[in-house]
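The two complexes that follow have subunit A in common; it is paired with subunit B in the first and with subunit C in the second.
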Partner chain A sequence: MSRRAKTLILQIVMTILVIIWIFPIVWVVSTSFKTTTEMFMDPLNLIPKEFTWDNYVRAWNLANFSKYLTNTIIYSVFSTIIVLFISSMSGYVLGRYDFPGKKLIFVAILATILMPSRYTFIPIFDLVRKMGLLNKLGGLILVSSGVNALYVMLFSGYFSTIPKSFEEAAIMEGATFPQIFLKIMLPLSKPVIGTVIIFHFVSCWNDFFFPLILTLGNPNARTLGVGLYAFYGEYTTDWTGLAAALVISMVPILIVFLMFQKYFMRVMAGGIKG
Partner chain B sequence: MIRNILSYYERKNKVGAVRSRKNEYIWIYIFLTPALISLVLFGIWPMIATGYFSLFKWDGIGWPSDFIGLKNYVELLKDPYFWNAFKNTFFYAFFQTLIKLPIALVLAVVLSETLLKAKSVYRALFFLPVILPTAVVSLDFKLILNPFTGPANKLLTDLGIVNMPIDWFGMNLAMWTVIVVSTWQVTGRYMVYWLSGLQTVPRELYEAADMDGANAFQKFFYITLPSLKKFTMIIILLGFVYALRVFDYVKIMTDGGPAYQTDVVSTYIYRLAFESQATRLGYASAVAFFFAMVLLAIGITRTITNRG
Partner chain C sequence: MRRFLSVLLVAVLLASLGVAKVKIRVLNWSQEMKGFVSDVAKEFYKTHPNIEIVWDSVVQSQYDQVLSLAFRSGDTPDIFFHSTIVPVEIVGRGWAEPLEKWIPKSHFEKFPSVYFTEGVDRINGKIYALPAKGDYRIVRRGWMYYNPKVLREAGLDPNKDIPKTWSEFLKVAKKINESGKGKFYAMVIPGTKSSNIARTFRGFVANLGLMEPFIDWRRGEYNFDSPLWIMFYKEFLLPLVKDIVPAGWDSLDKNLARQMFVQGKTAFYFDGVWMPGVFKKIAPKNFEYGVTYAPVPDEGRWGYYPFDPTTIPVWYISSKSKHKKEAAEVLQFLTSEYFQSEMVKRGYDYSPLAVVNNAKLVENPALKKIIDISKKVGTVSPIPQYKNPYAGFVPYSKKLGSIHPNVWEIIAESLVKKLPPDQFREKLLEYKKKADESLLEAIKEAQSKGYKVSKEDFVFPNWSPLLKNWRP
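This part shows the complex of A and B:
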């Protein structure tokens, strides 16, 4: 077989496979524009005969998805800001300075990777409740922005590669410790900042467990994931409305992914080497 | 005289150095404070407190005070619901790992094939499900696999493969459905891992094989796989540990049903903590602590394998 024929066959096989692979995503988008009748009659047809926005209107207003979307954005943005703040500062000193207790702190932060936080949520729940933050977005933001070993390592690794000469000039001119960090080091670490923002934003957006247990008593604090779960429980038969709600919940994250796709996959691949 | 002046400056510099050193340490610890607070509150405390709470009978109100020693653990050892959930969790993790890793590997190998054009487009599309919220994936499949209105059964009956609609979330099938759906979502992540592993295989080996006229299968079995031995161990343990954390898919798609057939440890703990008639946070903590220890043991094994 010639190279060209091989390429052609490979191309066709992979294209068919990839279409099957993403069918569940395409299908839900198509269903979200169908009328309920059409969805029942012809669930396989991917192009709606009668195109409708009604499902989105129902999900947006009736099922409160406007609120859930706002909550998710607020929570993801604030959590990302706090995480950046915590991990850049600690990564900076861990990557660039020697001080008593450094090893211990490093090991303790790394050990959090091994901690199965999914299973030790009762004290976290208890703590948030005692702080008076249960059923509030604040509690969720606080819990989700806990120290993350991967981010701290990314920052400390990056900062440790910057030559000493960068800050020496600044020290000569009398710059203080925080000034050096804010004006020289932080701007240099833009690639890491970008990575952490994308990674953390996506993981906040997609998290289900903590948003669920921390907002059990307050529907107004629900995020998209929890809202979807509640929607399914309350409007069990509104399939097309649910499809619209699903699309609302995934479109923002799809946009983020398409914008940073290569970057995202590269960083994820790096995760296994750590 | 000159020597005196010099030593004066030397001393002064040293004092200055010590002072700036001290000053530096203060700043260093200030910079670490937010991370340390968060580490203690959300990293160390939950683990210790889970162990501590597990020694009490506690309904979650106030601070636990009814100390009962190891009674919760005695109950745990005899609790059929726990062992059922324990078994299901490992069943899920075992089969998910068994399915996702080979599929991901085949995808990675094909998607690094030099003959294939537009590789990055295929890679991105196979990766796509990874970035979707688990709630979206779970409910999307609840719609697709709905026994009466979903497209899956419609397709199968239209093609004449089955006469009766299949109840995908019914007895003896639900667990497999949960495994397959979750596999669909996570496979792209492992494809990316394998892709980075494949890059470590020396090009020359393939070139030499090409000279000897080896075909794709021979290259895969005689070069790729043996070169990735250590990497394979790492990825298996990683994939397995990830899978043991399962909660979202089960909670949303089956809530442990039917007849507890898909109940996993995390959903069991959730039920004890939030849904049982009397909240049993002490007992829930014992279940959580026990399982966390199991995970920790596997995690430590993983770290050692990673190094060795």
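This part shows the complex of A and C:
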């Protein structure tokens, strides 16, 4: 088989995979313009017969989008900034320096991956309550900004690959420890920063459980993830309204992804060396 | 000038004090009623300008966790709704405030007194809950809806040919399937969840006198050893699945089954009294439907639908509410004649209030018919609280709910595998053994907490599922 034929087969297979991969998203977009009847009776047809905007109007009002969108943006942006700050600093120290107890700290951070979040919500809930941050966006931001092992490992792995000479040259020039980190190392880690922003922003954006339980007494402090559940009624679910709400809530995530996809792709493709 | 400014300042202060409203948060899982509540609340605000009702709906799947955490934090809703955790347990957790301190006696007199039987909404002599919606004398679940258009297309007369017995149903269903030629069917079974199997066959089971809580009150034991279960499986369910229901039913979702019905793809759909409200949302404008009770065995009815006041959802005032006085005002409004009448008129539900005439107010013909038929097919049935108020502390339903596979799951599995009746019986007997053990465990649990209860509280020798006029 010629090389051209092989490439063609590969391209066909990849195209099929992409179509399968992207179908659910296209289906949600298509459903958001359909009537409920059409959604159930002709679910696989991607072009709506009766094109309707009603689902978007309902979605905006029912899910309290105007309020929840602002809350979600504040929550996701601040949490991402704090997580970036903590993870990059932890990763830098763990990736570049040897000190007593380093392995123990590393293992402790890694161990957090193995702990299901549902087991920790009661102590977290109590802690936030005792700090007086219940029903406030601040409490929510604090909870989602804790140490994340994946991000620390990403930064640590990245920083450990940077040659020592970078730091040595900076020290020779008289740079201090914070200056080396902030002005040399951090700018070099843009691919990891981009990846962490995408991962964490999306995670906060879609978060449901903590935004629900930490704002029990203040529905006005809730986020979109909670608002989306407004479409699940006692006896019925408004599927087309939910689809429209999902499309609206996807837009900001897509913007963030497009902004940072260059760096994200590099990390995902194994180009962590920058 | 200084004087004028002082007066102005005082006026502003007074005005700001005047508009400070007490927000009463009402936690519930009925998102559908949000618009209705904000509409009728205008009437409430005329007499209570200092109170604002915050209708806070949380999805039912998360509701219990949200409520538990709210009480853990101390920041609870002022009023909350529940139907699946019984009042005795809510009170045991210390969540509910006794109501008689805040609500006048005259208000309780608007409800049928059965709700305030000890062990129902009255615990240790105090009333803790008020019925929210629904009437225990109106059969709530197990109705058969039919689509007259499909029946006519199949050459049947919707006024004469609605099947009343199992064999009539199977015969009519066969005719519909033959006429439909794959375009429409008699019925489908939404089989993805056991709760959907239950919603489909509950009415049939009620006609056999076997409905929830599945206790044969004559013996005080679970009824899963009744030969009627086997008869139902052998004479109705197996032929239904073999000859009538299209293949793949076990992966069919409830929502799709409903859509198939409203789109004229099926002639029959089985569900609860809430369906007229659902049809209003999902059906085309010209959709017509009828409702009646599920078919009975050919030799006749073996039992009636049980009227059970403990199944009616209730409202509580939180024991931790900081505004109990205002919460009581809101609760009285939610259970007022005005609110409840509007709820019935607009087709959201029936009212539990004795002073509200559901039959007169309800406008939907199907909901009207349900009231009429309920009188014929329903009857007061035992609950252990009638015999011993402390029996309400026996968590037998909760214990039964934790046993899997449950009866509906056994039915689904047996039908999917088309098991012979003998094997179905074996599975049911195994389940009965576990169920009876769970009942004894539940009694022991209540005894260990100091409640004087026994298995005898679950025995009503003078009861029979066919007794229409049984009274506690």
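Following the convention adopted for this analysis, the second predicted complex is superposed on the first by the 172 of 274 C-alpha atoms of A that agree within 3 Å, B and C clash if a C-alpha of one lies under 4 Å from a C-alpha of the other, contacts with A are read in each partner's own complex, and residues count from 1 in each chain.
By our rule, contacts are C-beta pairs under 8 Å (C-beta built on N, C-alpha and C of every residue); 3 or more make two chains touch, one makes a residue touch a chain.
Since this is a predicted model, take the numbers as computed values, not measurements.
Measured by the number of subunit A residues touched, the leading partner among subunit B and subunit C is B.
Once the two complexes are overlaid on the shared chain, A:Ile253 sits against subunit B while remaining clear of subunit C. Legend: residue contacts after superposition of the two complexes on their common chain; A:Phe40 is shown touching both subunit B and subunit C.
Judged by the touch definition given at the top, the superposed model places A:Trp239 against both subunit B and subunit C. When both complexes are overlaid on chain A, the residue A:Pro123 reaches subunit B alone and has no touch with subunit C. Once chain A of one complex is fitted onto chain A of the other, the partner contacts of A:Asn135 are limited to subunit C, with no touch recorded for subunit B. When the two complexes are overlaid on their common chain A, residue A:Leu216 makes contact with subunit B and with subunit C alike.
Shared-chain residue A:Tyr229: touches subunit B and subunit C both.
Looking at the shared chain after the overlay, A:Lys183 reaches neither subunit B nor subunit C. Within subunit A, the residues touching subunit B in one complex and subunit C in the other are 40, 122, 125-126, 212-213, 216, 229, 232, 239.
Interface residues of subunit A, counted against subunit B in their complex, comprise 3, 6-7, 10-11, 14, 18, 21-22, 24-25, 27-28, 31, 39-40, 43-44, 85-87, 89-90, 92-94, 97, 99-100, 105, 108-109, 111-127, 143, 145-147, 152, 177-178, 181, 202, 205-206, 208-209, 212-213, 216, 224-226, 228-229, 232, 239, 242-243, 246, 249-250, 253-254, 256-257, 261-262, 264-265, 268-270, 272-273. Contacts from subunit A toward subunit C in the complex involve residues 36-37, 40-41, 62, 122, 125-126, 129, 134-135, 212-213, 216-217, 219, 229-237, 239.
Per the touch definition, subunit B reaches subunit A in the complex via residues 23-25, 27-29, 31-32, 34-36, 38-39, 41-47, 49-50, 53, 60, 110-111, 113, 115-117, 120, 122-137, 139-144, 146, 149-151, 154-155, 158, 184, 189, 192-193, 195-197, 234-235, 238, 245, 247-248, 251-252, 265-266, 269-270, 273-274, 281, 284-285, 288-289, 291-292, 295-296, 299-300, 303.
The part of subunit C that touches subunit A in the complex is made up of residues 25, 29-32, 54, 56-62, 65-66, 69-70, 72-77, 255-256, 259, 262-263, 274, 277-278, 281-282, 284.
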